[in-house]
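Two complexes come next, and they have one chain in common, chain A, joined by chain B in the first and chain C in the second.
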Partner chain A sequence: MNPEKDQQHDPEAIEKSRQQRLEIDLAARWPVGIFIGSSIFWLLLGSALAIAASIKLHDPAFLAENPWLTFGRVRPAHLNIVAYGWLSTAGIGIGLWILSRLCRAPIRDNRSLTLAAALWNMGNAVGTWGILRGDSTAVEWLEYPTYAAPFLLVSFAFVMLESVGLIRRRPPGHIYISQWYIMAAFFWFPSLYFTAHGLLVLAPVQAPAQPPINWWFAHNALGLWFTPIGLGAAYYLIPKIIGRPIHSYYLSVIGFWSLAFFYAWNGMHHLIGGPFPAWLITASVVASIMMFIPVITVAINHHFTMVGHFKKTIYSPTLRFVVFGAMCYTLASFQGSTMAIRSLNGITHFTHYTIAHAHLGAYGFATMVFFGSIYYIMPRLLEREWPSRFLIRIHFWSCAIGFIAYFIFLSWGGILQGIEMNQKETPFLEIVALTMPYLKLRTVAGSLMTLGHLAFAVSFCWMIISHRASTGEPTLFSKRIPNPDPIS
Partner chain B sequence: MSKFRYIFIGFMLTFLSSWVGLVLMPVWGLGNFEQTPDPATGEMIPPKLSSLEKEGRDVYIANGCVYCHSQQVHPARVRTDIARGWGVRRTVARDYMNQEVAQMGTMRTGPDLSNIGVRNPSETWHYLHLYNPQITSKGSNMPPFTFLFETKKKDPENPAKDALNLPEGFGPGADYEVTPSHEMRALVAYLQSLKLSAYEIPEAPAARIESLAE
Partner chain C sequence: MKPGNEPGEDFDTRKVHGAIIREKSEPSEKFRAAPWWLKHGIYAPLAMWGIWYLIVASGGFRWDEYSEGYFRTFVPETTEETTPAPVSNDPKALIAEGETVYTAVCAACHQATGTGLPGAFPPLAGSDWVNGTEEKIILPVLHGLVGEIVVNGETWNGAMPAQGATLDDRKVAAVLSYIRSSWGNSAPPVTPESVTTLREKFKDHAPWTAADLEAALAE
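== the complex of A and B ==
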């Protein structure tokens, strides 16, 4: 199965493979480093806007004087920054690096990729500026005005070109499942963005047809962009760190194809009850329920690979973040399927419950897996170790506890909101009052998550400016290493 | 490359299937509506937005009203929209044809606005509410939109006719007067135009929909 297996004990082959990895990481240093480094800047800005938006929901007079900071601009700015500034920027960097490693081919044209990173960041900066100054399109997930789109699309064209180059230059043989996921994501995202931006913003179709395209895009931004990058990273990192192959190769293939087909059809469950043909909504409800297939196969593969190795999450930061993320993926997907059932959707639609669910996918899963990936990639790119295990600990616990609290508070508030909204006797302002304590607790939980992001950013900057060469010892949560297994 | 080529074709085909189903089909089925004469009045419905109402819609879009207010009335058998008075019938696709930018929304931090033009036609109420929601709706978490109003020193000889009549404790004080800006006027004109399901349309006569709800 594994072509490397026979060579495992040949010292010459081991040395050759090590040299190859060094070469790959050196070629990736600048482009991947810039993508990942700039994503952390957007993470911090996105968090600041998130807290501002959260405070505004329980204290509406907060920062209300300035039009640039009104809730209806800060909220979409937060969403677009975390989606395109943080998750996408980090996702491109992580995807390219894993692809380069798995194709055993160094990135060839790192100048065009560095240009791509610059364009991508410019697109985000211009788009954010556009939203805050009042040019938002108010199309959910696509609020960046048209003048930001060319930056993003041209940048992505370079990323696609390089990814095709890597696939072409790979030595013959097995293609690992992470390569499937990452290549698919690199082609799905621009196709989604181009279609949706074109038909909704650039040359809008008649208004009644807009929401289906909007939610086809918005749901697939998570399902066909962040999810495949996150799953590709988890499929790569879990076996790497614990030193055993994935549980089942065949399941991973079933998981890929069922995700590719069913996830793409999910989006219309955001429109249940709205003015659309029944078949359109029903198609998505069915596809949402069918998501149990890819989710269960991926869950079996990730969690069964981990069986017997969970204690390694005590030591490995990467593994702890990625396993946390993989668990959230299972939960988010199960929850998402249930939310598409019409009777339950009757309560949860139009409430904060949906916001909590979106964060379970985009934060609990994608963001946490990306944190774990960055902990793994950066020491290899820079040949340096993370400077402080204390900061990594703060990062993990603030984000994990903060996020779990965020999710519970907001889901609970959302359920109450949904139940009361369906009681015609409950006056609307009473529902607003009912959600208040939960919205305040959300601000507290979100601040804790942001504290974790600050620890991460400090850790990252410290790593960049310190000239300490690698000691060869990875920075683990604990100094004690339980056994000589390869751990990172 | 040969093996990867099949994977590539495969995942682009699954993508294409959703593109046909959820993009192309809606454009065909929901993208070509035409106005129809109202059987009662003979006017063409749904009505078109005036240029001031369009300006107002752009203010609505720029300031992200959609993140808290939906514009869709759901059937009575699913939700309490009709019981709450948000519309006499559910909204149907054609109701939105002249909106140009769909603002149907996915969140109800605030109430639905599909028929706010019928539910609350008072211009004064909207100005006070948008100046500071606490004036009209105490406990609301809607932000004040003071930046869409102009505050000037009051000229006792010649007071502005359209100055807001702000209650005690709100506004800049007795020496000043607050008037709606042009953008605010446009926004309120747009809100008053929102009567998305306030007329009968062949595909959704109110009476029939109501009887379905029983």
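== the complex of A and C ==
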């Protein structure tokens, strides 16, 4: 009756699909491994720069004597490194692996992809060096100077070619929702980057048109690049671990197309109150509120898939990270929609509240989902298990507690800051002093997150260099599993 | 790169490939319809609100209708020519006008409450310059002021840019009248006529220094 069901119980089919997965993972080992491994290096560097920038906000003399480490360079370097060095690098690796798995096709040209990984990392290295030596383009989210862009775009061309090849070699029939998301993301990101870099840096358009293009790009980098990769990964890993199909294909499809349709308009809500035609801003406010449609749809789809299986987050690191991330996605999107309402935007705009919101999306959602994905992918790529459940626990709790604290402190400080900034009588210095305790607490919370990243990096390196024979047993949060359900 | 045991390998294949063997089959999707309450309770109301807001808050989709007029379609359009309000030399009107100029031009450095910024910009509130003769503040506004100055016994060393090119005589008089009557200051207002006179007398003068200014005023 159900072909999928029959396949699951036919020992020959099971053995065949295992063989196939083995071939896929072997072919992906080098390129995906390099993308993921190097992303962890950028994660650490990005965290270090984040802490430096955070300290400078309450202690301006910190590292101020070296021009390479002034706030105006460290802060954009942090943003670009975590966006292009960490999230994008990990995202490409994770996306390629999931795409290859779902297309039932091994990566064919893993040499060109390994070259792509090398180019991508060179692009990040050159770009970071460019920002720190003072060559930033001064366009937010696009600070990497022009001489870094060719590396990134050529590298991405290889990634796009391979992803088209994978889709072409897929068996006929149903296309799973993660394939939609990842394939779309692999095309959206390079077109966004190419267009924005061209119109803002290479051949700048007239000044009044630049901010809309800038925010069109910056917001879409989150919504049409990190979000689809993160959602694609969550859609793949949740059913994979709990062993249950996705609740509804229709909801998946509505979620995908409404995201694609509404997200591209969202960026202009960064310009509320700016000198732009009212309709442009209003269209963006409407599209931002319409984001409730994809977000509620995806949340319902995930929830009904998970329901009855939440207990498994006690054991499976992957599932716990991914579920944490998926919940943050819902929260971040709801919050983002409300922040686009003109009256509320008047309070939160230009405050630390916005920074907290950006981290809820980029960290709470994307980063946590990527952590979960890496915990799932690496044992299959390397055919080794994670070496220490202690380190995974440290990683999760440092990042989760650190991030929640980060979010609460900065949002609270941001609201107070926003209310005071709307009082004409309050002197500016008084508002700066008001935010001080929250900025200091942010440094503490950020350091805790970085501790988690260090545990993760140690865990990763240990896994790569260890020669211990594989136990064949997954490394879970807890030693005792209630039933022999292999969940990671 | 063939999977499985190669001849001569002695490790346990099932252990090495443990992760792949134990994982569940690739995910699939059920085909359940979207629930009715999602369609009628969430999608439809959101879409209706979106269309309504697009219509009322888009300033008629004109390119020259900016954020301030985004609710314009609710306001009946007036076709009659609005005659400009008569220019009065009433000090109250002048001071009210001056507040707008102050917020736009001066507040960035001297701050909204005229306190200035310690070490960078001298205060206007309670300043001996502001409450002194009107010439001593009209001229720096018109042509700028550079170098060391002493305000309330404290020495400052900065540069105030000239505003004479961007502010007309009435605006200079307005903003100075506002400053001289706000934040505890209580000097008489400045009239546009005295600004006109000084502008003529020191036409296109370079930025003043404190010594320059004293010399010119002593004449």
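In the analysis below, the second predicted complex is superposed on the first by the 483 of 488 C-alpha atoms of A that agree within 3 Å, B and C clash if a C-alpha of one lies under 4 Å from a C-alpha of the other, contacts with A are read in each partner's own complex, and residues count from 1 in each chain.
Here is the rule we go by: a residue touches a chain if its C-beta (ideal position, glycine included) is under 8 Å from a C-beta of that chain, and two chains touch if they have at least 3 such contacts.
Keep in mind the model is a prediction, meaning the values are calculated, not measured.
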Three-chain arrangement built on chain A, chain B and chain C clash or fit: clash
Contacts of A:182 with chain B and chain C, given as first, second, both or neither: neither
First (chain B), second (chain C), both or neither touched by A:380: second
Chain B versus chain C as contact partner of A:64, first or second or both or neither: first
Chain B versus chain C as contact partner of A:273, first or second or both or neither: both
Touching partner for A:306 - first (chain B), second (chain C), both, neither: neither
Chain B versus chain C as contact partner of A:26, first or second or both or neither: second
Which of chain B and chain C A:148 touches, first, second, both or neither: neither
Partner chain in contact with A:205 - chain B first, chain C second, else both or neither: first
First (chain B), second (chain C), both or neither touched by A:293: second
Where chain C runs into chain B (options 27-35, 81-89 or 153-161): 153-161
Doubly contacted chain A residues - partners chain C and chain B: 273-277, 283, 424, 428-429
Chain A to chain B touching residues, read off their complex: 56-58, 60-61, 64-67, 70-73, 75-76, 134-140, 167-168, 175, 180, 183-184, 187-188, 191, 195, 199, 204-214, 216, 220, 224, 257, 260-261, 264-265, 267-268, 270, 273-277, 280, 283-284, 342, 346, 349-352, 354-355, 421-424, 428-429, 432-433, 436, 439
Residues of chain A touching chain C in the complex: 4, 7-8, 14, 17-19, 21-23, 25-27, 101-102, 104, 174, 176-178, 235-236, 239-241, 243, 245-252, 254, 272-279, 281-283, 285-286, 289-290, 292-293, 296-297, 300, 379-380, 383, 385, 424-425, 427-429, 469-474, 486, 488
List of chain C residues in touch with chain A within their complex: 1, 3-4, 11-12, 14-35, 38, 42-43, 46-47, 49-50, 53-54, 57-59, 61-67, 69-70, 72, 111-113, 115, 117
Chain B to chain A touching residues, read off their complex: 1, 3-4, 7-8, 10-12, 14-15, 17-19, 21-23, 25-27, 29-33, 60-68, 70, 72, 74-75, 78-80, 83-84, 90-104, 106-111, 133, 137-148
